[in-house]
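Several structures are given next for inspection.
What follows is a pair of complexes built around chain A, which joins chain B in one and chain C in the other.
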Partner chain A sequence: MIEKAFRDMSRNYLLWLLSLLVLIGIGFGFYLVQLNQGLTITGMSRDVTWGIYIGQFTFFVGVAASAVMVVLPYYLHNVKEFGRITVLGEFLAIGAVIMCMLFILADMGMPMRVLNMFVHATPTSPMFWDAVVLSGYLLLNIIIGWNVLESEYRGIPTPKWVKPFIYISIPWAVSIHTVTAFLYSGLPGRDFWLTALVAPKFLAGAFATGPALLILLCFILRKFSNFDAGRAAIQKLALIVAYALSITIFMVAVEFFTAFYSQVPGHMYGLQFLFMGLYGHAGFAPVMWMFTILAAAALYLLINRKTRENDTTLFIACMFVFIAMLLEKGVGFTLAGLVVNPFGRVAAYAPTMPEMFITIGIWAVGAFIISLFYKLVVTVKETSGI
Partner chain B sequence: MGIKYSLLIVVALIAGVCLGVEVLGLNFLFGVVIPYLAFALFLCGLIYRVIKWGKTPVPFRIPTTCGQQKSLDWIKSNQIDNPHTTAGVVGRMFLEILFFRSLFRNTSAQLIGGKVSYQWEKWLWLAGLVFHWSFLIIVIRHLRFFLDPVPGFVNLLASLDGLFQVSLQAVYITGFAILAAVTYLFIRRVLIPQVRYVSLPADYFPLLIIFGIALTGVLMRYFIRVDVAGVKELTIGLVTFNPTVPENIGILFFIHLFLVSVLFAYFPFSKLVHMGGIFLSPTRNMANNNRMVRHVNPWNYPVKVHTYEEYEDDFRDKMKSVGLPVDKE
Partner chain C sequence: MGISRRKFIQIGGACALGIGVIPLANVVAGNNPKFIPSSKALAADKWAMVIDMSKCPEGCDICIKACHYTHNVPEIGNAKEEVKWIWTEPFASAFPYQKHDYMDEKTKKQPFLVLCNHCENPSCVRVCPTKATFKRPDGIVMMDYHRCIGCRYCMAACPYGARSFNFKDPRAYITELNPSYPTRSKGVVEKCNFCDERLALGSLPACVEACPNEALVFGDIADPNSKVRKLLAANYNIQRKLKLGTKPKVYYIV
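Right, the complex of A and B next:
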């Protein structure tokens, strides 16, 4: 079956893969420099120990977890419309988890010692649990996605033994993002993160981002291949995005009340830094206002039935959701907690050029993996006719 | 039966070397004489096999193919699965030797719901690939014991293989990968009834002995250390024909070396010799050009033929008289 991913590749597809390989190569080159010189070539510092890598990691854990938004309705509520796209969700999760792992590796000064995480397991550390749930989730999705697709290819029902794995994968998806949230929300010194709302906010954001990305990918597949996810499936996903986005925006907004009504300085600093600038450091304000505008526009387009049911406006809305959440979760959230240090001072951070290229390289790896998988899925679906 | 027999031999070999080195003090025998003998046997045996293969006549192209043969221009032929050029053959051999392409294509047929369904048999291919590549990398890594100075590519390969560390020590991934792969290949042989039925001691023995070699290697490197400087003294002595056996190297090393020697000696006379044989398989290393090129069996005795032209010369008048067309008037 796997050879299907390499059959009848069009020129455009090959060019796409090749350009991704170039980006991966450049990123890897910069990574070798980082491996040689250490994290000193990044913009991170004593105070800002997590930068763009961990921000992006957090964001893509969400993308990975969001596979549950197609898997759960299909397997637990028999939502038949999702039958064609559950595999897409699972393969998206595989790509996203691999990206997460690469971001973690990139953030390690000594990646060669990563095995110590398991050899000297520390159950009291959320880091250890994050490594466990992420690898488990990757394995689950490989097993499920592969077997479901293979049985489709062979024209037989999915083997019975796969079903338990599917059911396990549903709470597991929630667990990966919860544990990721616990990396943040358990730190007493970082007021901006010190709230139980982080995990639910992460999940809500993920359930907006992932389905939005899936809708975008379905549109792309419809344009460049014969694969059509079906209008009903896309509309169902759009509804999920609409609800999840509303909840996310709500959860971002309620933080303002707690912080500014209570007037606790530590709680205010983070938000002030993000949206207004603190002690003259206003570099992030444009980014967060961009998030605000995009999120509001997307919410308008998604709540309004006319624009939600129109493919063009839905496409725009999903783009907005994805970019908005990338800015909020992938950049703003991680940095605000660290840039404003426990003494209420601001330690500036901006990603350096090597850091950006490594990040782009990892994005390219994810895009490359997902391209191969989706090509495989499309070819299998074309031949099996399901 | 085959398992017990093979296991017994391997255990006996290990017991023999323990007895020889620890009790009888035959360090020179096991450290120098047997390795030399084994290597000589390996070389001579391999040469013997290659000469024997070379002498086997292959008068006709007999490649196994699984794709469209080159015929008319408008029929697309499969360049790799049914090669008709040397380049195609090289490509096919390359993919076969480095990636086991024919094994990759392996499928098993199952009857599911009254319908025949083919499943990709990926695990044998994967385990085989892991096993062979690990073995190759391990052999290349071991060059550091036989060369001085150690060439750059050996060090590079070793540093890549040992990229990951456990508590500050580099862990060679291939060492553990080969153990896992051999274990899988062994279990597969035992558990699948059809495979077990066709398995002989000659199938179990190499697996067990390779497992023993890998296990002693891993033990020596990570758990029960041996005097590695002494080991290098011995190995350099062997390759410079100036053999010495330093004291107190450790029994594990002697077990390792002896099992390797047994493997070397056994190699040319067993199925392991497919290492060389794969290159000389007539069903794989020949271009399928039977339709394009006339291949004459070299030992055919000369056959006297009567061509059509001669036939026409003989009967031209008679053919003309009954109105048959002729080529030459």
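Right, the complex of A and C next:
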């Protein structure tokens, strides 16, 4: 079946793949420099020990987990509209998990020792559990996605033995983002992260971001191929994005109450740094204001029925959701916990050029994988007629 | 060209046999050496340090120099990437949220020595995914530089900022090499080890030994007759960030 991914490739598609390969090559080149020089080529420091790599890792765990938003309605509630796109969700999850793994690897000082995580498995460490659940989730989605598509290709029903894996994948998706939240929310002395709200906030954010990305991808597929997800499916997804985004914004907002009503400095610092600037470090505030504006605009477009049901405004809203959450979860959240160091001083961080190119390279890897998979899906669907 | 099926099976079998023989080889080769401690080694149930701030004059860095020489701590010369095992911080930084406008000038201005607290309940040990950082039975929180994967999770977990990461190869930044202690490579985390390598040979930590004023006192906090216990019983003392439950074992007499 895999050969279908490489059949009848249009010139534009080939150009797209080629440009991704160029970006991957550049990113890999910079990664070799990082391997050689050490993490000194990044903007990270003694205080801000995690930067854009871990931020992006966190964000894409969310994208991976959000596949559950099409799988769950389809398999548990028999939402038939999602029949055509569940496999898209699963393949999106595969691409996202691989990106997560690459971001972790890029962040490691000693990447050649990565298997120590399993050789010297340490169950007290959330990072160990993160490695376990992410590998498991990758495997589950490969098994499910591949078998569902292959049966479609052959025109036979999905084998019965795949069903249990599908059901397991639903709570498993929740677990990957919960464990990722636990990476942060159990550390003493990091006031911004030390809240039980991290896991639910992550999940709500993911369930807005992932379906928003899926809608964008469906629009792109409709434009560049014969695959149409169907209006009903897209509208259902749009409703999910609307609700999940509302909950996310609510959860970001309640943090303000706790911090500023209690007036406990440690709890205010993180938010002050993010949205207002702290001790003269205001460089990050514009990013978070951008998040605020995009999230508010997206919320307006999604709640309003007219704009939600209009393809153009829905496309814009989904773009806004994706970018907003990329800024909030993919950069801001990680930084806000670290910028106020254990000595109460604010440490600045900005990703360096090599760091950005490595990040873009990993993005390109994800886009490349998803392009191949989606091409495969589209070709299979064209031949099978489902 | 190619390999016959027969040959493939032969090679495969030989490889499998090779793997099967490893446990046997371990027994025969006695690959399980027992560590024999020196008869002079210092032992304790729970090592701790007391720093008497009244004996710690401003501007003195003898203990810092002694420690950093002993452990080949590099001088990176860049605040963002600096590596340090013991250093000084103003009171307000060592004890955040404890400073107020009208406290006595002496405490407010005095630099406080800070180092790894060798917590009884260390969050760094809890989060390390490889047990590269671990707590010994005598309470010393150790680093295995050969196992550390450089994920820096321990640095996020340590509420005392006691850990440093080697962002680049530290060897080029060691001014005077001490051949009796290993250097580190880039990509691993390091921190104060309460001089476990010196305790094992019967010496006190380098900083304690170097201090001309005996401001640093090292001993067994579990022993009621130890010098550290007597000092703590007789003097008002404080610890850093007690509310976090990490149970630090560095005490400050103020």
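Things worth noting here:
Criterion: the second predicted complex is superposed on the first by the 386 of 386 C-alpha atoms of A that agree within 3 Å, B and C clash if a C-alpha of one lies under 4 Å from a C-alpha of the other, contacts with A are read in each partner's own complex, and residues count from 1 in each chain.
In the analysis below, a residue touches a chain if its C-beta (ideal position, glycine included) is under 8 Å from a C-beta of that chain, and two chains touch if they have at least 3 such contacts.
Keep in mind that this is a model prediction, so the values were computed, not measured.
Taken together in the superposed arrangement on chain A, chain B and chain C clash. Contacts of A:A131 after superposition on the shared chain: chain C is touched, whereas chain B is not. Once chain A of one complex is fitted onto chain A of the other, the partner contacts of A:R231 are absent, as it touches neither chain B nor chain C. By the document's definition of touching, neither partner reaches A:K163: not chain B, not chain C.
Contacts of A:P188 after superposition: chain C is touched, whereas chain B is not reached.
The larger set of touched chain A residues comes from C, when the choice is between chain B and chain C.
In the superposed pair of complexes, A:R113 makes contact with chain B and with chain C alike. In the superposition on chain A, A:T122 contacts chain C only, with no contact to chain B. In the superposed model, A:R7 lies in contact with neither chain B nor chain C. In the overlay built on the shared chain, the residue A:R46 is in contact with chain C alone; chain B does not reach it.
After the shared chain A is superposed, the part of chain C among 6-14, 114-122, 186-194 or 222-230 that runs into chain B is 6-14, by C-alpha clashes. Residues 113-114, 116, 119-120 of chain A contact both chain B in one complex and chain C in the other. Contact residues of chain A toward chain B in the complex are 1-2, 112-116, 119-120, 150, 154-157. Residue ranges on chain C touching chain A, taken from their complex, read 79-82, 89, 92-94, 96-97, 123, 126-132, 147-153, 155-161, 164-169, 186-189, 241, 244-246.
Those residues of chain B that touch chain A in the shared complex are 112-113, 115, 117-120, 163-168, 170-171. On the side of chain A, the complex with chain C involves touching residues 37-40, 44-47, 49-50, 104, 107-111, 113-114, 116-117, 119-120, 122, 124-128, 131, 183, 186-190, 265-266, 337-338, 341-345, 347.
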